[in-house]
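Per-chain numbering from 1; labels A, B and C assigned in written order.
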Amino acid sequence: MKILAFLIFSMFIGSVNGQTFLVDEKTFTHAGSQLRYDALMEELRCLVCQNQSLADSGAGLAQDLRKKVVAMIENGNSDQEIKDYMVQRYGEFILYRPRLNYATVMLWFGPFVLLLVAIGVIMRIVQSSQSNHTKKKVSSENKLCDDEERS
Amino acid sequence: MIPEIGHYALVLALSVAALQAAVPMIGARMGADNLIMLAKPLARAQFLLIATSFITLIIAFVLTDLTVSYVVANSNSALPLFYRISAVWGAHEGSLLLWVLILSAWTFALTLFDKPLPLKLNADIIGILGIISFGFLLFTLFTSNPFDRVIPPPQSGRDLNPLLQDFGLIVHPPMLYMGYVGFAVPFAFAVAGLLNNQINSAWAKWVRPWTLIAWAFLGLGIALGSWWAYYELGWGGWWFWDPVENASFMPWLLGTALIHSVVVTQKKAIFKHWTVLLAIVTFGLSLVGTFLVRSGVLTSVHAFATDPARGVFILMFLAIVIGGALLVFTFYKPDAPQEPHGSALSRESFLLTNSVLLSVATATVLLGTLYPLMIDALGLGKISVGAPYFNSVFIPLMAPLLILIGLGQRAFWTNDSFRRLSNAAKYPLLATIILALGTWGMIDDTSPIMALFGLVLALWVIFSTLAGQIRHYRSSKKLTSPYLGQSISHIGFAITVIGITLVSSYGLEKHLRMSEGETTTFGGYEFRFAGASAISGPNYNGTEAIFLVHSENKFEARLAPQKRNYHSGGQTMTEAGISPGFTRDIYIALGEKINDTDWSVRLNIKPFVRLIWLGAILMALGAITALGFGNATKTSHQSQKSYRINTTTRISE
Amino acid sequence: MRQLIPFSIFIILIIFFAIGLTKDPRLIPSPLVGESLPVRQLDELRTAETTLLTSNLIGSSFILNVWASWCAACLEEHHLLMELATQDAIPIVGLNYKDTRQDALRWLDKNGDPYLQTWFDPAGEFGMELGVYGVPETFFVDMTGTIRHKHIGPLDRSNIAKAIDILNAEQNSSL
């Protein structure tokens, strides 16, 4: 752990020397590029300050990667190509939105499957009680009307 | 000397906790009333001892006692007094002491309100809380002792992390822990209820107030954390789906399911398995959160200085406490057969659906938070699961929930019909559609469709709640606390949703380079960079930039974002300049200094962002209102009967 | 029975947590392991004019050590690299990352130069090709130019020994 702390620490010292890299609408030649850039920045993770996206991180590496993304957008690369470029060098870790593959099937479909299971459970409980619930009981309780809506 | 007193008090507390854990529960099994009666004095003694310990730690910080290594690591004599005190819980050891303090405080509170509880049940509840306290005290004393000395003392302390030198640290952790730890009480009620086979309507009635209070505190704690991150971190975000944020959010989500399920158990003595399981798992999630934050298994901005050895301890504790409770649950059979569940559109059905949806939402957040860990454990590499994922899966789950709130709170118990419900929904739905379309259309030419969805769902909740509240008032001729509390909380939730919708859909941001004296137009406002000057504070120096904001030539705000360099740690912090407002926040953060006159700046307009936290405050307020000081909720007749048979002696003062 | 489900799920969770305690979430494995070293033209540190092709080294396995003069941890591992250099078992190539020529040369003069060659990467461009995210990082490349292992952080004896074993194993299996 100490080793990693050193590593991160070293990274910080180095980044102080860098020039400020500012990205605003003047940076890009095409109109929609700024939006693409902003969207991509939220999707990429900083490897040094691992709790921040590339948009927010102040680390030197984040700065370099931002420059690279700007260059690739200007070059005409698609979002997919930019992400592939990053993943080729830094691994899947750099993407905040995990790509769908065999390992992440459970991640992407899990919630949906859980929801279906949950709906199934609810339906079963309600239906099994339906058969117990006689019509007589229903009408007599309805007469209580307003009283019943109270909590 | 003073730290020694604190240390000793803690050791004594450990012994008392051991007794508190063992004696009442053994007494309950043996039927020995004299042992059972020891529960109250033991619990109170433990609180006094831990409080003493905590106070000595505060004194050590106030005096900046540099012989205490925890003080050295987290404080400094130049640190302002308020931060010196809050630094007590600024790192692992001290926050752990806060954890046990709050646990003992909750237990103490239980001893004040235990009159209605049967002796044996109460003994078991206090005993279980004693077990939890014993475990944490053991952990504190053996691996995380805040009273460790460093002889000879160093010249100066290392200072509190500048990010923590803020009002947020004073309020957020204590509030959060009140909730987080507070769910130990429903947990203890659940396990005690299982051991005595007394899960019934009366049990639900007794546990409900504790659950509501814990839930309210946790919600406020989370909201405070969000607000703190917003103004402190400097990039205007209010939720990051960070693992530690999720660790506090999950107990809150499941706690919401619990407070709804408890109501059903109280009213109709059904959903017993479900309520008890929710109570166990909610606190289980609190412990999982404690594990995640302090063990180093996940990367997080919140993580304390992590140590796998500590992680092992917490994991074992987690396994024993929650594993034990779940094992007891496995063999649970209710003492009496449960009433049949109501019809498909009955209030019970809606509440069941609510519980289930919230459980799925909780499981989803848990899945996403733990997935990187699971993939790594299976040797499949390292991946990241971040905000884009969570937003994609979580938000769609909230939509059906919002729809059902509106319908569920109008539904009759036991049985209701589609015709009656749709009749009740008529006017609220109409009002919703009109207002939503009107507002959405008015705001902007390019209004995103997501904004419309959010507005429709939130307004639906508001109007149906108002309709229900009016109907309820008319028929019962008074404002009953539980119903009023429910209305306030539901509206609070809707307001939070509106805030989130508006700030996400209509928030604006611009990065640019500005020179002193320059003016720029953005978001309908004029921003003038009036100038930058050097500033200094008690333990830092830096630069402050002044921005003047005008709207159509009328003065709007003066903002003063800062860049600070802290002396002892050498860290640089960004303090954002914020002009708060009900309808909008203007938010400016300084980037880097480009040269003597130019700075890179980030300008933000955040419409209605404060609604997010206002809604959270209302949710908590609603819970406290629902406690009611007078109006009791009707309990089911069947379990009232069985309660009278089962109870023995009451606890007498 | 159904009531056993919560307990069972919980036990599985505990097992995952236990395994998780043995892992370091901050360490990011390199996707370049098993891939060829990227071919680029780089300047040499000492003689600014000479340009090198990274593919020049193919023929024997070597160690590629990424370092910088501003990096405290690089100093930690440096004596081990000096030792390796004197043993002459395996060539060591340096990649000077985001540094100035002056500072880098001064550092080498002060602490010793174990490197057969040092490539100069002031902007970190080649580092980005390699997926470098911190210093020091060390790549172990076999004689076909394929990266076989990447070590993140300062090296110690056991890391070096293990990595060299990996390289030798590759070498033997390809013979």
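Convention: contacts are C-beta pairs under 8 Å (C-beta built on N, C-alpha and C of every residue); 3 or more make two chains touch, one makes a residue touch a chain.
This is a predicted model, so every value here is computed, not measured.
Looking at A-B and B-C side by side, the one with more C-beta contacts is A-B. Distance from subunit A peaks, on a Cα-centroid basis, for C.
Remark: subunit A and subunit C have CA centroids separated by 30 Å (rounded to whole angstrom).
Here the CA centre of subunit A is 22 Å from the CA centre of subunit B. Centroid to centroid, with C-alpha atoms defining each point, subunit B and subunit C lie 43 Å apart. Under the contact definition stated at the top, the residues of subunit C that touch 2 or more other chains are 24, 26-29. In subunit B, the positions touching at least two other chains are 296, 299, 381-382. Counting partner chains per residue, subunit A has residues 1, 50, 91-93 touching two or more of them. If you check the complex, the residues on subunit B that touch subunit C are 273, 277, 280-281, 284, 288, 291, 295-299, 308, 311-312, 315, 318-319, 322-323, 326-327, 329-332, 370, 372-374, 376-377, 381-382. Residues of subunit A touching subunit B in their complex: 1, 20, 22-24, 38, 42-43, 45, 50-53, 55-56, 91-98, 103-104, 106-107, 110-111, 114-115, 118-119, 121-122, 125-130, 132-133, 137-138, 141-142, 146-151.
The touching residues of subunit B, when paired with subunit A in their complex, are 235, 237, 240, 242, 263, 296, 299-301, 306, 340-344, 349, 352-353, 356-357, 359-360, 363-364, 367-368, 371, 375, 380-389, 392-393, 397, 410-415, 468, 471-472, 475-476, 480, 482-483, 486, 509-513, 591-594, 600, 633. The residues of subunit A lying in touch with subunit C in their complex are 1, 3-4, 6-11, 13-14, 17, 47-48, 50, 60-61, 64-65, 68, 87-93.
Contacts from subunit C toward subunit A in the complex involve residues 24, 26-32, 68, 70-74, 76, 98, 123-124, 128-131, 133-136, 152-154.
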